[in-house]
Amino acid sequence: MTGSPPTKSSILPSGGGAALMDPSDVLILLLDHQSGLFQTVRDIPVADLRRNVEMIAKLATLLDIPVITTASEPSGSNGPLTPEIHQHAPHAVYVPRKGEVNAWDNEDFVAQVRSHGRQTLVIAGVWTSVCVMFPALDAREAGFKVYAVIDASGDPSEMASRTSLARFVQGGVKPTSTNALLSELHRTWARPEAADLAQLYGLVAPNYAAVIESYQRAQEAARTA
Amino acid sequence: MTGSPPTKSSILPSGGGAALMDPSDVLILLLDHQSGLFQTVRDIPVADLRRNVEMIAKLATLLDIPVITTASEPSGSNGPLTPEIHQHAPHAVYVPRKGEVNAWDNEDFVAQVRSHGRQTLVIAGVWTSVCVMFPALDAREAGFKVYAVIDASGDPSEMASRTSLARFVQGGVKPTSTNALLSELHRTWARPEAADLAQLYGLVAPNYAAVIESYQRAQEAARTA
Amino acid sequence: MTGSPPTKSSILPSGGGAALMDPSDVLILLLDHQSGLFQTVRDIPVADLRRNVEMIAKLATLLDIPVITTASEPSGSNGPLTPEIHQHAPHAVYVPRKGEVNAWDNEDFVAQVRSHGRQTLVIAGVWTSVCVMFPALDAREAGFKVYAVIDASGDPSEMASRTSLARFVQGGVKPTSTNALLSELHRTWARPEAADLAQLYGLVAPNYAAVIESYQRAQEAARTA
Amino acid sequence: MTGSPPTKSSILPSGGGAALMDPSDVLILLLDHQSGLFQTVRDIPVADLRRNVEMIAKLATLLDIPVITTASEPSGSNGPLTPEIHQHAPHAVYVPRKGEVNAWDNEDFVAQVRSHGRQTLVIAGVWTSVCVMFPALDAREAGFKVYAVIDASGDPSEMASRTSLARFVQGGVKPTSTNALLSELHRTWARPEAADLAQLYGLVAPNYAAVIESYQRAQEAARTA
Amino acid sequence: MTGSPPTKSSILPSGGGAALMDPSDVLILLLDHQSGLFQTVRDIPVADLRRNVEMIAKLATLLDIPVITTASEPSGSNGPLTPEIHQHAPHAVYVPRKGEVNAWDNEDFVAQVRSHGRQTLVIAGVWTSVCVMFPALDAREAGFKVYAVIDASGDPSEMASRTSLARFVQGGVKPTSTNALLSELHRTWARPEAADLAQLYGLVAPNYAAVIESYQRAQEAARTA
Amino acid sequence: MTGSPPTKSSILPSGGGAALMDPSDVLILLLDHQSGLFQTVRDIPVADLRRNVEMIAKLATLLDIPVITTASEPSGSNGPLTPEIHQHAPHAVYVPRKGEVNAWDNEDFVAQVRSHGRQTLVIAGVWTSVCVMFPALDAREAGFKVYAVIDASGDPSEMASRTSLARFVQGGVKPTSTNALLSELHRTWARPEAADLAQLYGLVAPNYAAVIESYQRAQEAARTA
Amino acid sequence: MTGSPPTKSSILPSGGGAALMDPSDVLILLLDHQSGLFQTVRDIPVADLRRNVEMIAKLATLLDIPVITTASEPSGSNGPLTPEIHQHAPHAVYVPRKGEVNAWDNEDFVAQVRSHGRQTLVIAGVWTSVCVMFPALDAREAGFKVYAVIDASGDPSEMASRTSLARFVQGGVKPTSTNALLSELHRTWARPEAADLAQLYGLVAPNYAAVIESYQRAQEAARTA
Amino acid sequence: MTGSPPTKSSILPSGGGAALMDPSDVLILLLDHQSGLFQTVRDIPVADLRRNVEMIAKLATLLDIPVITTASEPSGSNGPLTPEIHQHAPHAVYVPRKGEVNAWDNEDFVAQVRSHGRQTLVIAGVWTSVCVMFPALDAREAGFKVYAVIDASGDPSEMASRTSLARFVQGGVKPTSTNALLSELHRTWARPEAADLAQLYGLVAPNYAAVIESYQRAQEAARTA
């Protein structure tokens, strides 16, 4: 097992966090979330995909986690990057590529990744099987810990999606979901950003927004009864 | 066939609109869209349901179509009305009920409906099989033309949903979808609200939002090339 | 349209109920809900089917609606009637048949039906396409108003189920779902049985039970805060 | 409603059968069940389709119901008729066609149909939307009562299948399923063929075969205990 | 029932074709099959949709059936018409619209339709619920016989698709599928275009293409053995 | 392979149990099964989830297996713990947390776990990807054998659910299902609790309850025949 | 990787078979395929399950591969073993158990397994997650090579089925399908049993039976043309 | 992890490609893509399967990658190889087999594979679980790096397909999808074949073809505006 070394600062006295990502070591890579590519995604509705990406952008801003974005050629038919990312994560750094399909083939991109000195890469992108898979495998080969956020990414078929998941596991890339990423970075409600974090749960699980609405109205009704 | 009489003002010289709703005769009824009931919906994801309801609220405001909302008991466990409706359709009139499950059992509600003098009722609500079905059938019995917006409503199972659709058809209620409602009221791009209407299409078909983004970027790229 | 005559007592001054079933005219027929036949049902999970049938039994008892049950041969391989029915509806009358597949072929059964003097038959059973379909069509031919409760019944495949729904509509039998039946008979919260009826909603929509639990705890929390 | 006239011999004193098919008036048409066409069926697994067709052949033989088969060109790429039909229904009459897609376009076929003097046609075939639909609609136009057995037929997609079901209903053709056909012709267990009929239920609902096996073993165990 | 009058030339002495479309009376309308709208289709894979449309174009050319196409605004974000149509049906007439969502609102379009003097309209388009539905209902109101080709059209969700099918049936529009349209116009193999028609079956049912390949090789093997 | 050492007492002379859990070493952890979170579960119907959890509570009581429950904040919007657990497992110990998302981050919880001196942890909870995943991975890092009961847990989407399963396998957590847990702890019918255990199978496989009903009636019929 | 040693007799000079099962070393275990348990299977239609089991019985007889069957208690509610097994594999040895859920807990069973001196166990049974999983894991712990035939086994839900597949892979049990088992034991058409083997392919892939029918007719047509 | 050695020429200075296939070391094996076997495929529509295979053939030609095809017996009922392969990859070498199910059992085939001196095998075929699985496992045993292209292959059921994916991962075969293969070999748009490669993306993701059409028209519109 590829456990975390016992000395990282994110491990609590209880042992909590020993096998989880250290938020202070995380770097988020959002790759090729472009409007033209969105049309080819068939393993998740594009509305859900965009809401998940939006959540990650907001989360990164809230918790001050660095973000790198990239696109092969935003003036081409693949279309522009979804505007939500830089809108909600203004600190994100965009690295243009020179035609490379695999972002890890681009030296500027890898240099930007290495400049942060963080060893835990959280990657999402379109397509999962290409734009996430290739840099994920190469980054792992280079010694990084790598997470692939499956539902903030998209593949052109269910069959390709299942295949990607299997290849990630086989290649030592840890698969995760947007809601799990939120919780793994959130970690505890006993923190100043709690109220803001609470809002984000309604994005990864839309029914939760209604749970909160019901709760607040029930309490209000009890107080005014 | 229950065709429209040939003299209504919405019929064009081409005959266009003869079998469609006359926008000037439409009254929208949004029934029991409450956060607690949303949790029981199983025929449509709640995020899609809310986005569709939000679209209808915006559309009604844009085209100045009257809206009536109601809830059986918003302080109860069914929860509050989804706030999007009155937020985006501030002209909507809320009619409280006195415990009646069927809104058409409530005299205030029916009086409010009749006060508009419109004969075409467009109804959505949760559950489809109850909160939409009962007033839809009673309204039709009372002589109204009635449309049920299936995907701005929700039922507790797929099986209940298919059953509701069949019962509507059998009972002379016209089933429609949110995107069709938008188009049927929109009618033509040669109108002053066109730009605002264009925004609404991205709500009923999220991929369309990305289509527009791609289009604008492609044109921009062509102009600057 | 086969509307209700305007003079029935269940029609309110608002016109509410004009197109709906008159609870005082309803007779419930639960046909061949037998353990052996349950194994052949493939259009609804058997746990859901039994919970829906249990709800109908409880509802009939609560609202004092007569119930007739029957089975072709309970000592045979089709198995015994599901015990929930007579347990929760002790007033139900069981009519044994003499081998007829179609309950309407059995004179005792039809006599029992006619003895109640009610014209609105609500039928559920296994299989939908046979045990519900045949008596439903014959009863309608005999002048009854007939409802088929699709999800308190079961068919051996999804394809058979969709076919049954279409044949009901074509034959003038009104399709409904268990949750709609509950609401159509319930009609209003302003009645003495309201608290008991509230319990039944958690059976037809299991998420609703959790909605109530959350609501009660939220109010308790608000009061003790 | 197109009810049966009250005088047909299949109507029991109870009124049973008034809205159902009269077995003595039934003629079964099995159209173009060919091995090549089976490969194009996508709305039902071909194993289920063939088992359903086999059941109908056996049922027809057991109850002495006439059967007509036909194929456009069995030496062509559509392949030979499935051998189960004539094997299990040796009395079936095969009518070759002269290239007509619609069997009702072929005079020999229609003459063969009319020669039986029966007015109730039960039709199955591949494709549902063509080989069943066209003669079904034309036969109904010619005054026959027509049933389409949806799951003893096959269409090239789920979408085509749903469309066919809707077109049948709209055109006055009664949709049914193989299990319902068995029960509608079977009618009562109080008949000499009961034991043979019991075997057929295991074909239309494979779980039922296991129900019988369990039942017999349980009884045997009880007797030897 | 809206049967065909018994005197139309397409009715054979057998009665065949009495309830079917008369090929010599058919006019095909292909509405708004545009690349941008294709991205919003969610009830059929776009590859299948385009292959079906391509088949209709080829079929129309082969059988010399007139075709009208139209688009709201091909320079806009909805994108250009799919090029397959005019490529495979060079005789198709394109009618530009002036912003009308409903083609039947456009006088040029309706005039073009009427100019052919044909009463049977076969319509396909994107979205089914709008671009097909509206002109279909209006054309039927104007006295045309109307068919909607469900799988040569597309809707933004499965729910919208099922709703459209129900609304067509309710409104007297006949739903059909691409493979049924091919067969209904094809009618018999005893015609000079038979070989060309055979090719088209591989488009509406891709497995059929492999059936033919197997057949030809099997025959070749038999002959050379 | 991470097999069990050959000396544990649960290994039979046949070698049976060598690779399975030792019931005497099992500690069950039921984490965050709260009514508000239930609303967000989309990979299993909430009725099935609750029935599975109820079974585990009853099983633990029957076999005297210790249970620990916990919730982040039961007065908050996540709602109260499902009452079935402590009702059916009165010996369960509830450990309140102080806002930690990951139960393993809470020292009281880990201390309670360690106090039992058992090394095999069976974990279920909502969400699978968070409330089960994080403590499961951390517990494994701490040297425990860990099982995740997938269908007594819930995730907000099918995609998240498939991702969780893959991450468990990759991380050395053994995935299991509620029915398998029952059988793995049950082990043999030759034990005094057999009759009580038999009841539990009807909860994990509702069709099995009907199998038993059929069996008993068949035997009764055989004896009285 | 757990490759086969290079010296086993089943490895061809080409290296073929090096990573595959050696047919001469295979022992087939068919566990608890009982009629009562079949009713609880929800991850595969019971007709398909039984056809797959029947194929394995026939294959074992044809290739002279030993088979062991077992059931916990065939007189109990789980029902009798499916009769197809011993009917088509008369050489199969039945080992009764004494109440053990896990066949590997039963010394007679393990002794019977060991008596064959074969190291490659191919296991199928109902439930997959229990009756296959437990002996599979224990057998692997005991040093056997173990294959689990997923679609000749059954689990009570899709979720349990996916979980079982993951647990097999994690535990070193090789998952396979019935069609793959047939091919892996079949190995070459250049063997005397080829004609009989050909028949079996129509059982694991029912469309293949129609492929053969079409082929034979096409050749016959070519020869007689 | 089985990473690539750091010295292969396909690794860029950035480290890109270190964990990916080296295009100059790739040999493509297309096994048993025969028209008769296509009829048995049930995990992917045959139109999609053939389009994916066609793409691989075109890609191999464009990038000059060697291809080997084979079939067990093309004159038999399995049918001829799909003609697209040799049509679009005229350089492909066909190796007839002598009845072996597993291509790796055939010495000519293995010799042909070894003659290319390439160590990275990309395999697709029908069935996935047999024709791809067996040679894939044997080739890996023989020291090759092996990729299985899941969606350019086909299995007779979804269950078999999921099982195959798991067995590949367990056996060290890397699963991939057709779109990922295209991108992994394509690698960069800065190459002379870029325009031709662009065409291929429309085959693996049909929506992408429409994306390009929209893009070109939008640019054209911008330029002529």
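Order as written gives the chain letters A, B, C, D, E, F, G and H; numbering starts at 1 within each chain.
Everything below uses one rule, namely that contacts are C-beta pairs under 8 Å (C-beta built on N, C-alpha and C of every residue); 3 or more make two chains touch, one makes a residue touch a chain.
What you see is a predicted model, and the numbers here were worked out from it, not measured in a lab.
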item: Required minimum of steps from chain B to chain D, each step between chains that touch; value: 2
item: Centroid-based (C-alpha) most distant chain relative to chain H; value: C
item: Chain pair repeating D-G, as identified from A-F, B-E or E-H when over half of the contact pairs by residue number coincide; value: E-H
item: Rounded Å distance, chain D centre to chain H centre (Cα mean); value: 44
item: Where chain A and chain H are represented by their mean Cα positions, the distance between them in whole Å; value: 30
item: Contacts with two or more other chains, residues of chain H listed in rising order; value: 36, 39, 48, 76-77, 79, 162, 166, 169, 207, 210-211, 214-215, 218, 221
item: Of all residues in chain C, those that touch chain D in their complex; value: 36, 39-40, 72-73, 76-79, 98-102, 104-107, 109-110, 127, 129-130, 133-134, 137-138, 140-142, 155-157, 159-160, 162-164, 166-167, 169-172
item: For the chain F and chain D complex, residues of the former touching the latter; value: 211, 214-215, 218-223
item: Interfacial residue positions of chain C with respect to chain F in the complex; value: 35-36, 38-39, 45-48, 50-51, 74-77, 79-80, 82-83, 206-207, 210-211, 213-214, 217-218, 221
item: Contacting residues of chain F [partner chain G, same complex]; value: 1, 3-4, 12-20, 43-44, 48, 150-151, 161-162, 165-166, 168-169, 172, 174-180, 183-184, 186-190, 194, 204-205, 207-208, 210-212, 215-216
